[in-house]
Structure formats: structure tokens, C-alpha cells
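So that you can tell them apart, the chains are marked A, B, C, D, E and F in the order they are listed, and the count of residues begins at 1 in each.
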Amino acid sequence: MGGRESELVLLDENGIRCDGRKVDEPRRIMIKAGGLKNADGSAYIEFGDNKILVGVFGPRDVHPKHMSNTDTGILRVRYHMEPFSVSERKNPAPSRREIEISKVIKEALQPAVILDKFPRTAVDVFIEVLQADGGTRCAALSAASVALADAGIPMRDMVAACAAGKVADTVVLDVNNEEDQAGQADMPIGYMPNLKKITLLQLDGVLTPEEYKKCIETGIIGCKIVYDLQKKALHDKYFGSGGEQ
Amino acid sequence: MGGRESELVLLDENGIRCDGRKVDEPRRIMIKAGGLKNADGSAYIEFGDNKILVGVFGPRDVHPKHMSNTDTGILRVRYHMEPFSVSERKNPAPSRREIEISKVIKEALQPAVILDKFPRTAVDVFIEVLQADGGTRCAALSAASVALADAGIPMRDMVAACAAGKVADTVVLDVNNEEDQAGQADMPIGYMPNLKKITLLQLDGVLTPEEYKKCIETGIIGCKIVYDLQKKALHDKYFGSGGEQ
Amino acid sequence: MGGRESELVLLDENGIRCDGRKVDEPRRIMIKAGGLKNADGSAYIEFGDNKILVGVFGPRDVHPKHMSNTDTGILRVRYHMEPFSVSERKNPAPSRREIEISKVIKEALQPAVILDKFPRTAVDVFIEVLQADGGTRCAALSAASVALADAGIPMRDMVAACAAGKVADTVVLDVNNEEDQAGQADMPIGYMPNLKKITLLQLDGVLTPEEYKKCIETGIIGCKIVYDLQKKALHDKYFGSGGEQ
Amino acid sequence: MSSSIIDELKKSQILELLEQGKRIDGRALDETRELIIETNAIPKANGSARVRLGDSEVVCGVKIQPDRPFPDMGDKGIFICTAELLPLSHPSVETGPPGPDVIELARVVDRGIRESHMIDLSQLVIKKDKSVVGVFADNVVSDYDGNLFDACAYAATAAILSSKTPKWELNDDIPTLVEGQESDVPITTIPVSVTMGKIGNHIIVDPNADEWDVMDARITITTDSDGNICASQKGGNDGFSMDEIVRCGEISIMIGSKIREKLKQVKEGN
Amino acid sequence: MSSSIIDELKKSQILELLEQGKRIDGRALDETRELIIETNAIPKANGSARVRLGDSEVVCGVKIQPDRPFPDMGDKGIFICTAELLPLSHPSVETGPPGPDVIELARVVDRGIRESHMIDLSQLVIKKDKSVVGVFADNVVSDYDGNLFDACAYAATAAILSSKTPKWELNDDIPTLVEGQESDVPITTIPVSVTMGKIGNHIIVDPNADEWDVMDARITITTDSDGNICASQKGGNDGFSMDEIVRCGEISIMIGSKIREKLKQVKEGN
Amino acid sequence: MSSSIIDELKKSQILELLEQGKRIDGRALDETRELIIETNAIPKANGSARVRLGDSEVVCGVKIQPDRPFPDMGDKGIFICTAELLPLSHPSVETGPPGPDVIELARVVDRGIRESHMIDLSQLVIKKDKSVVGVFADNVVSDYDGNLFDACAYAATAAILSSKTPKWELNDDIPTLVEGQESDVPITTIPVSVTMGKIGNHIIVDPNADEWDVMDARITITTDSDGNICASQKGGNDGFSMDEIVRCGEISIMIGSKIREKLKQVKEGN
């Protein structure tokens, strides 16, 4: 029923996952607002072994001009992986996968940003995956929200993101790379906690209708954990760090 | 002298060709005018096992503008094969062959269309080869003429097209794929029956001067057969179908 | 220390190199000004077995316009090798090496040309390597200077170019292809003899500080030899040939 | 495919109708347009289908040919599904490399079929690690009227169901055709994609071109023959509430089972 | 290469002269421009020629090297002929990927030689199905003055006639050069391309740049040593009557036999 | 990265300061900016470094994997070094294929390391002529503040020094990883690149972004552990006198030996 075989023990008898986590436990997450000198806003996230840098420019003029919109500013997103970010060295040309993820992240951020005060301009979000470990799109989306806020772009809400999935017939939070390869389903979710809106949702893998619902609920719990860390990152930058940095 | 060896009996003792046709007999031809909802004009042709769809847009604005002509409308043609149209799956990028055929068909249609009333505009002809079986350029050109007429583009004449060729030392009408591969010469011809002008002519393969002349005469006979079917297709669409559809 | 093994005798006991030259002797050089009918200026050089054609157009309008400069004319250079110019047939797409050499030659010519009287225009230098034999960039740069002069572009000085290098632990003038492959260092130099300025300098290979200095001195001597031939080529074209053509 | 003022007017009109429970073309909110499936449209391909969903039309041709396996996947055949908008399908389509919209379309259609494990790829191995069978399903859109996700998915699924695969053997490391040994492609389930649009607070199934131009967000959900959900993709510039997402799942199961009956007929007719 | 008003004036002038049986450069209607062929222009290539036809100039270099055969063509060597307009050949030439005009030029020149079976490719096999000899004739245009079809065709033909092919043997599946075993490329016939333009009702041979800019249509016809016709391509935005096409065939045979004598000298000089 | 009037003013100011022996950021003319090297920034790569030179920041990741040797180089491993400006590094950076500036940057950084013979490539052969080890050092620039030549060169050198190479054996012609056999990359020397700018008659070391925008010419000189010069590249739209070039050589040896001490610490820490 969609499961794939593996020698890896994905979930042991004590409910502990292959990397030592509980089913409802995300990987280690560290978010930092700012950091880049030339970008108008930036953020850096470590999410498990993912390491992702985001820089934001704008609102700024659009080239070529016919791409601009006279009614509103536009949002543009590029998701890009470094050649050394994955186990087999990646060809530098943008892959179809990167183009699709760029679009999915753009549409997940769009409901959060308020650009109608900036007609004819663009806000550019550049996402650079330095090291990938499963779940890059969620980590990237979470960091992009922080970078947009750091750039002073008006926002309705933050977009926080986390995946849920199915591993060893169990719904778990935040599927890692091994679990994604060997597991049964992966459902990345992007969520605006205050507006209670799901703005990113994908699913690869087979779920019963009940598991489908449980995955969404689980993912949203993860998004709320991420949201607290996003707020903390911005707070640390603008009002001084009180704790881990 | 240019012939290629083959186990195939290209022409038997009764003058019958490998697909059962006589030397002066074209393959089965079915032309339909219209069919596409969004295109300004369209046509569909089955010519032997060729299946080709043509859509026409225009006269319409030209982008980029510097490609337009202030004195006349311009004609643009794209000939394109689907990945599944040939025996080995085709790479989707346009091949040099497709670019050349696009140009040859454009120049074959140009004398037929009257675009000087539409300066600064373009008429776009999009040819899609769904299934290829030898002689696609003739079938495509014939269908493109019908699609242009269906789009209401003013025309001096129709362009009808058919190939002649040399198979088993004999001049024959409408070379099919097997005959082209194993045969001695293939001469696609595009012809305006009322203006008596040859607007497309290519030749691959060796012909004596006499055979060269005979091929042209034979091809023109084929073009006239096609022309009647083009007229019938337009008549069927605009004045109701009286027969086969 | 950077030397590479070779069965070739690069320098024999009499100080004679693999192609019969002495250490301070350049290869046979023939420069001709003009020759192309359509170009505004042109030159042809044979430098050893290098055969290089250069054509210059301009000052002329720049497309696209946003590439132009309202204060001055711009110089553009394309260095290009024919598919048959090297031992293994070259792919026609411009290589990264060709792009880099184009830039290096452009920057070597820039101090020589006076384009501030021609704002919004470009001078295009097209370099075509018909046959390559080591040292193409120096030969190309030398021919490009002559072609610019032939096109009537105002110039502060000619740029003459020649390489020095290290072969068999000895500093030599004008490294040929075999010496470059098997040798220890190659240093192409471009030089304006009247302004005494080095406008091109590259180095691949290991040199002691003393050898580094000696290479520069040796290369400049070569540049002066080339300079005399450049002047002769222009003189021959404009005031009649007195000798070898 | 839009011009903002006309879109605004169109959106008002569509929204007004939806408030009354009506759609611009008279359908119920959870009603799909007429689906016509014609298989064997490209007889020289290994399988093919021409699908009309409302006024959207797609031709899918399947080519089956030997290929090298992907690294670390030496015990599996290859499946690749593409989608292309032909320039004759709509005046706004441009030639040239596909843009992000078309890339997303192709990848979502591909994943819906791939993640359902429709084709048992383990049966498509000529020699492990050396040579496998590749199934290439290429969709071309010949007429556009909204919702291409489902039109392409149905065309690809029908084309695969109608396909016959030749047999190859390795001779001297070269795959060689074994004549007269065609068989069905090994099928484990029939995936059905259902695409829903959100306009205001309304969820509509199978949006046509007018609805597509003005909708706030969309979601495509693919279900398999067991009534499970096997792939999903949210798109568009707004979001869904959790309840909406759950409801979309239910709709996709319900609609999916109806469409699946139509696709089964292709299989049985094969 | 045109500006419409000047072209109109030029066309009137050219047409007026043609009505009097004259051409703008003084030639007879069926007269080609002076043809200068210099072989061995690129000594390090396996063969080469520099050709000047009027003021059009082309350099062709032939590289001969081992290659893999095309699928299903394991008993034939490879022949590929290309053509490129160097940007220094005319101010209007742009760098970048070739446009349709240049692609057509290259393909017509290639087909003229290929369809004549000039090179006996069956003699260029190192090991059947594994390794064959490839003959690559690359034309670069260094000066433009109309009719490049013939200038490139003559350059390629002369370069091939002047070529020597090395010999290779397969060692451990790798083609290895056998030193000192060069031989002529196996030649069966000498193809000659003749390009004619139509201006009004006049057929002119070998149009120069002014004629090229204003002509209504053109046709290129290639003949072989037996006086047969082996390739043809019509171009341009008008058509030919059947009689004109037949007459063009006759002209191409007549002119072709004259040019062939020049090319034979290359062969004999080799 | 320039606007001509502002550049003119900036240049006047920088030049005026230089006449007084001062630089705009307070450094001595032959003083480099602070260099911070952090290795193991990308733990999943085989080696990596994040380097900050002033406010320029570069991340270099090294991937080591089996590859085919280059033709005629069957007894040598492969080394390739690239450089890319990420669009987040500066508002003027555009996405898409690299322009001439970035291509030159990458090639100069590559040659500095390659020509020093830093890596003993003869030790990176799995099986002669069949399979070798490839070392790929990819630099990405995440913040721009002038002189990237040296920032990338230091990042690549540090990343290589920090790298461990796995071991492979050929099994059935396929390179197979031998577990637990990692070793250092074989290092023969430590190359150090020093880039100098010329503004007026002044030579400055390690130009920052303001200086880079206005300088007349530049030169990059790479030295090895023996104090020899192994690579050089002049750039920019003006020239150098012979004396200046010789002096730049001396400066590069002096500065190079200081930087080399920092890089040695990476090696020792490895």
C-alpha cells in the first residue's frame, strides 16, 4: 500500500525514530534573522541538517518593465541548491524541481505579504540551500518569511512550515531524509498561524482519509513550533538576544 | 546510382507497391476544416498514417514589436513533432530539421496569403505532427492552407502539396515512409493549382533529367487531388457535409 | 617544481628548441592589414602555424540600446575558434575559455583606443582563429590592433603581443604548442611600446621571482618585434608594399 | 490569460452566482464537466488517448522503450510523464522552454501517477542494474479551457491503461526486441486526480477557464482504487482553512470513484 | 540585410536591366561569378579549401576522426557538413545560435553532398556497429556577397577532394591511429550545386548580394558527375512555374559540368 | 555595480586619500582586510570552508567522487574549481548563466590552484585510463565587497585542505566505495592568491567594493609554498608599467606568506 522496503528501523518498539526523535518531535531548529550585508533583509535557518540562507531585495524596480504590475508590487522567489548541497554533486543549471519549488513557495508566501502600496515594483526572495537533508522547502519557506519581515515588507502574518508524514504506518512530525526515502508519505505544510490558513500543501505517498486528516493536524502543530522560533529570531535581532543564538 | 538495398519488395511484377497502392495512387487522405475551439482557424489532416493538427492565430499584434513590419502583416510558421509521433521518442527541443521545415513551409504559403491590409501584425501557423509516416511536410502544408482559409485570412489560392519519388527505378506518386527509407528519390512539391505556381520543391535522391521532369508532373497531379479534398473540407464545414467526414 | 615530463627534447645542447629556433627567436610572423570586403577594418596574421582573421565594425549603433554608454563608445571583442582549428574538432558553442580570452583581449585593447568622441556607439572586434598552434591570444591581440587601425579607430598606441615562457629550465621567447604542453610556464604579454604599458599579462606555470622578471623582459622584446611588423603591415597597405606581403 | 479589469468583473459575476449556489456554466459546485476518452488515437505509439474535459483537449502518447536504470534503482523500470501546452491550444501560449506553470503541471500529473504506484515498475526490468523498460507518457494540450491537471492526468492514465509493452532480451549487452511478445503494462491501481478551486469561500470542482482565471487558490488531490489519497498539491495565491482541505479530500474520493469507473472501461476495452 | 525603400529602388533598377537582358554587374543571366579555389588553406586539418565566389568567401576545414556509427547504420561511416556565417562577414550578422536562414544553408549544402553519395561511406568502417570514421566538413563564411549555397558547397567539395584520411584499428575497443597509413577519402562522384534566383520572369544564375536582396524566389539544384540531379531546394517568398523549374534543372546541369571541371583539378592536384 | 557620476566623485575622494598614503577604510596600501576562515561549514560535503574577507563572504564545498579521466590524462585525477555569485550577495547580481566577469573569476581561481599543483592528481587514480577521483570545489559568493578573486581562492584552498577523500575500488568496471578508508587529499603546496588594484599610480592590495568600482587595472598573482610565482592574470581597462608588474610580484610573495600561515592552521587543524 505504498510502503517501501528498508533495512532501517524507522520506528522502534518504544516509538523512537531512526534519529532518536519521538513521533511528535521536530528536528533541531535554529533560525537567525539578518546576517547578510548587502541584502535588504535576510535569514539563516538550520533545520536538522538543512542549512539554508535567504536574502530579500525590494521593493525595487522590475526589469524587464513589462513584467511589472501597475496595480501592485509583485513577489518573485528563486529556490536554488548549491552544487555541494546534496550527496551527488548537483548540476548548477536550475532543475525542473527547483523551478516548481520556487513557484510553490512563492504562492505560499503571497497571501502573507502586502504589496499593493508598491505598484510597479518587485520583492525578490533568493533562497540558497547550502546543505539539504529532507524538508528543504519547509525550512526555506520558514526562513523566507523571516527574511521578508527583516526587510521590512508589510505582512499580514508569518508563514511557518513543517512537514508531517507516515513512517512505519504511523503519522509523524517532520520527516527527515531517511524517512522520506524509506517512508510511506510526506506532506509539507505551510501555515499562517494567526489567519489559520494553509498556504502550502503537498503530498507524496499513500494515506487513508483518516491519516490524511491526522497528517494535516500534526503538520499544523509543527508549524506552530516553527512560528515561535521565527518570532524569537526577529525578537533577538531587533530587541536583543535573550537566549540561544 | 543512388539506390539503396532492401529486402522489401517496393514494386511487384504487377506494378503494386509495398502498401498495395498503384504507382499513381496517393495514400488515404482525410482533411477536416476547423475543430479547435481557441484557434482562429484550424484543420486536421490524416494522410496515410500521418496525423497532423494545424492552428492559426491572427492577424494579431507582434511581440517583440521590432519583429513587425509597418508595410504588411507577416506570416510565421512553426512545424513541430510530438515526442510520441515517431518510432524513437523525440526530444522535445526543436531540431534543426524542424526549423528548416518551418521555413520551407512558410515560404510555400507566403505567395498564397494577402497580408498587406494588416500592417504591424502577424499570422501564426502552428503545425503539430501527432503521428508521422513519411511526407509530413506535404501533409502539413496542405492542412495549413485549409487552416488559414478557415481563419478567414485573404488568399490568392490554396497551396496543395504532395510528393513524387523514385522507387524501384519507377516514378511514383506520394512516397510513404518505407519507400522513402528504401527508395531512390523523394520530391515533395507544394503547388497553387489556379496560379499554377510551384511554391515548395525539395529533392533528395538521384534522378535523370527525364525522371526529374516526370517527378514534377506526377507531383502536380497529386497536388490537384489534394486540392479537391481541401476544397471539400472547407465546403463541408461552411456549407454542410455531404459525404465522408 | 611544476615541470612536466616529456620525451620531446625541448632544448638541445646547442640551445636549439624543438622547432629549430633559438631561445630569443620568435616563430615566423606574417601580418596583413585589410583583406575583408564587408568589414570596416580587418587584418590577417600568421604567427607560427596560427592563422587568425580579425574584422572590425564601427563605431556603430548598439543593440540592445541599454548596453550603450552615453559618455563614450564601447569596445566589444569576440574571440572564436573554428571547429577545424584544433586537433580534436571543436564544438561550435562558445567555451568558457573563449569567453575569458575575449574579455582579456578586450581589456588589453581598451587603453589603446580613443572612443569618447563616439558616445552611444560600439566598436566590434571579431577574432576568428582558423588554425591554432599555441599563443593564439597574443597573435589575435596583435592582429586586432592592426584591424582597429585599419578601421580608422583613433588610437593612443598599438598593442603588440608575444609570450615568454620557461622551457627546460630556461626562459624563452614565444612558446609554441609543444613547448606549452610539455613546458614549465607560459606568460602571454600585451604591450603598448610607445606608452610602455603592459595591458595583457597572464601566467600559467611556476617561476622563481627572478625568472618572473626575466619572462616579462623577454616578452616585451618579443612585443617590440611584433610592433615593427604591425607598422609594416599598415604601411604596406596604405603606402604600398616594399617587400614581403 | 487575464486582463485585470475584465477579470474583476468576471470574478464579481462568478462570485455572485456562487452565493446562490450556481456556476457560470450551470454546473453544480461538485460537478465535473463532460469527460470523453478516446483511446488508440496514435496507433503507432505503444498506447495513447485523446481526452476532452469540457473544452480542454489533451492527447497523450505512450512510448515504451529500453533504457538504463536510474542509479540505485536498478531493480525498477522507469516512468516519466510530461505535459506541454501546444501553442495552438490558446492565443496566450508561447513557444520556447516551458514556464513554471507548465513545469508544475507536468510534475503534478507525473507525481499523481507515480505515487499511486499505478505501474508495477519492478516488473519492467530487462536485466537488473543494466537495462530496464522505460514508459514515457507525453501529454500535449491541443485546446485549453481551464483545469489541465485533471485533463492531462486522465489522458495519461487512459493512455497507460491502453498500452501494450513489447518484450526485450539482452543480447551482447544490447536490448533486442523479442517479436510477437506484447503484453499489458502491469497495473496495480487506477489513480484519479481531482482539482478543486476556491473562490471566496466556495469550493468548486473542475474549474473551467473563466473560473480558473479568477479563483483564489486551488488544490489537486489524487486518490487510488482503494479510496486512499496518494498525492496532493496546493496552488494559487491564497490559502485554505484546515476544514476546507479536509473537505477537498472527501470530494476527491467521491468524484474520483466516479471518474475511475470511466477509466476502468478503457482497461476493459483494452 | 535590407531596408525596404532602398530595396524597392534597387529592385526597379535590377529589373529594368534584366528586361534588357543585362545584370547589374554586367554578367550574362546564366553566368556565374569568378570562382577561385585554394586548397590546403588549413594545413593541420585533414583537408581544407578557401573558396572565393565573386566577393563571397568561405573557408572549409575537414576533420576526420573515429566516431560511433548512427543506430541501424553500423556499416556506414559518418558525414556531417555544417555552415556558419562569421560575424566579420557582414555587419548584419549576429553572434549566437544560428537562425533559420543559416540552418537551411547548412542543411542544403549537407544534403547536396550527402544525396550525391560523393563519399563512399561503406569504406569508412573501422569495425561494423562499433566504430566508424567520421568526416566533418565545417564551412565558415568570412565575406558575404550573396549566394552562399554554392560558395559553401564548392568549398566543402573541394575540401573533401583534398582530404587524406588516417587509418585506425580497434585495440581493446579503442580506435588507435595506425601511423603513416593516410589515404584519399573514397570518392564516387563530384556533386555541383547551382543556385538560381527568380526576379520578375527572369532566371539568373549565382545571384550576388544586390540580386539576393530583391529576388522573388530561388532554387538550388545539385547535379552529379553522371549529369543526374541529386538534390534540390526551392526558397523565397514566391513560386516557380513548372517550365521554369524544368529549365532550372537544365541550367544546373550545364553550369554544373563547367564548375565540375574546376573541382576535378583539385582532385588531380591532390 | 556603478553609476558614472557617483563613481567619479568616489574616485576623486579615493585618489586624494591615496596621494596622502591613505585608503578609504583606513588600511595601509599593502594591507589586506581581516580574513576569517571557518572550515567544515558544510559537514555533509567532503570538505568545506566559509571565508570572510572584509565583508566579502564565500562558502566553498568540496565534493569528491569517481569520474572518467580526461582523454590522454588517464594517469591523473580530476580537479575542477568553480565560482558563482549568488543573487543574494548584491542587488546587481542577476540570475541566469554566468557573464564574462564570473567566468573569468572562476577560471582564475581554478588556475591559481591548478598551476601550483597543490593536489597531487597522480595519487587520485582508481584505475589508469578507466576511472579516477574527481575533486570538485564549488565556490558560492554570499556577500559581495570587492576582491572576490582572493576570497574564493582562500575558500577553495581551505576547503581542499580540510577535505577527506573516500576510497574506491573497481568492481566489474564500476567504482565501489571502500567503507572506512578516508584519507587526506594529497597536498604538495599551499597556493595563495593576492589581488592588487591600480588607482592612478598607486598599487593597493585586496581592494574593497568602493576601490574595485573605480580602479584602473588589477592583477592577481598566485604564489606557492616555495615562494615561487605560479599564476597571474591582469585585468581592467588600463595597463601596468614593467616596474609595477615586478613590484606586484614582490608584494604577492610577501602578503602570500602571511596568508599561507593562516591556511596552514586549517591543514593542521584537519
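Methods note: a contact is a pair of C-beta atoms (placed from the backbone, for glycine too) under 8 Å apart; a residue touches a chain by one contact, two chains touch by 3 or more.
Small disclaimer: the values here were computed from a predicted structure and weren't measured.
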| item | value |
| --- | --- |
| Other chains in touch with both subunit B and subunit D | none |
| Those chains which touch subunit D and also touch subunit C | none |
| Identity of the chain that, by mean CA position, is farthest from subunit D | C |
| Listed chain pair B-D, C-F or A-F that repeats interface B-E [over half of contact pairs the same by residue number] | C-F |
| Which of C-F and A-F has more C-beta contact pairs | C-F |
| Remotest chain, subunit E as reference, centres from CA atoms | A |
| Distance from the mean Cα position of subunit D to that of subunit A, given in whole angstrom | 27 |
| Whole-Å gap separating subunit D and subunit F, where each centre is the average of the chain's CA atoms | 48 |
| Mean-CA-position distance for subunit E and subunit C (Å) | 32 |
| For subunit A paired with subunit B, centre-to-centre distance based on mean C-alpha positions, whole Å | 52 |
| In subunit C, residues with contacts to at least two other chains | 88 |
| In subunit E, residues with contacts to at least two other chains | none |
| Category of the chain touch graph - line, ring, star, complete, other | ring |
| Going round from subunit A, first to subunit D: chain order | A, D, B, E, C, F |
| Parts of subunit D lying in touch with subunit A, wherever the complex brings them together | 4, 71, 100-101, 103-104, 106-107, 111, 115-117, 219, 221, 224, 226-242, 245-246, 249-250, 253 |
| Interfacial residue positions of subunit A with respect to subunit D in the complex | 1-2, 71, 88, 96-97, 99-100, 102-104, 107, 110-111, 187, 192, 195-209, 212-213, 216-217, 220 |
| Contact footprint of subunit E on subunit C as seen in their complex | 36-39, 42, 49, 51, 53-55, 57, 60, 78, 80, 82-85, 87-89, 92, 124, 126, 128, 130-131, 133 |
| Residue ranges of subunit E touching subunit C (in the complex, touch as defined) | 41-45, 48, 55, 59, 61-63, 65, 82, 84, 86-91, 95, 136, 138, 140, 142-145 |
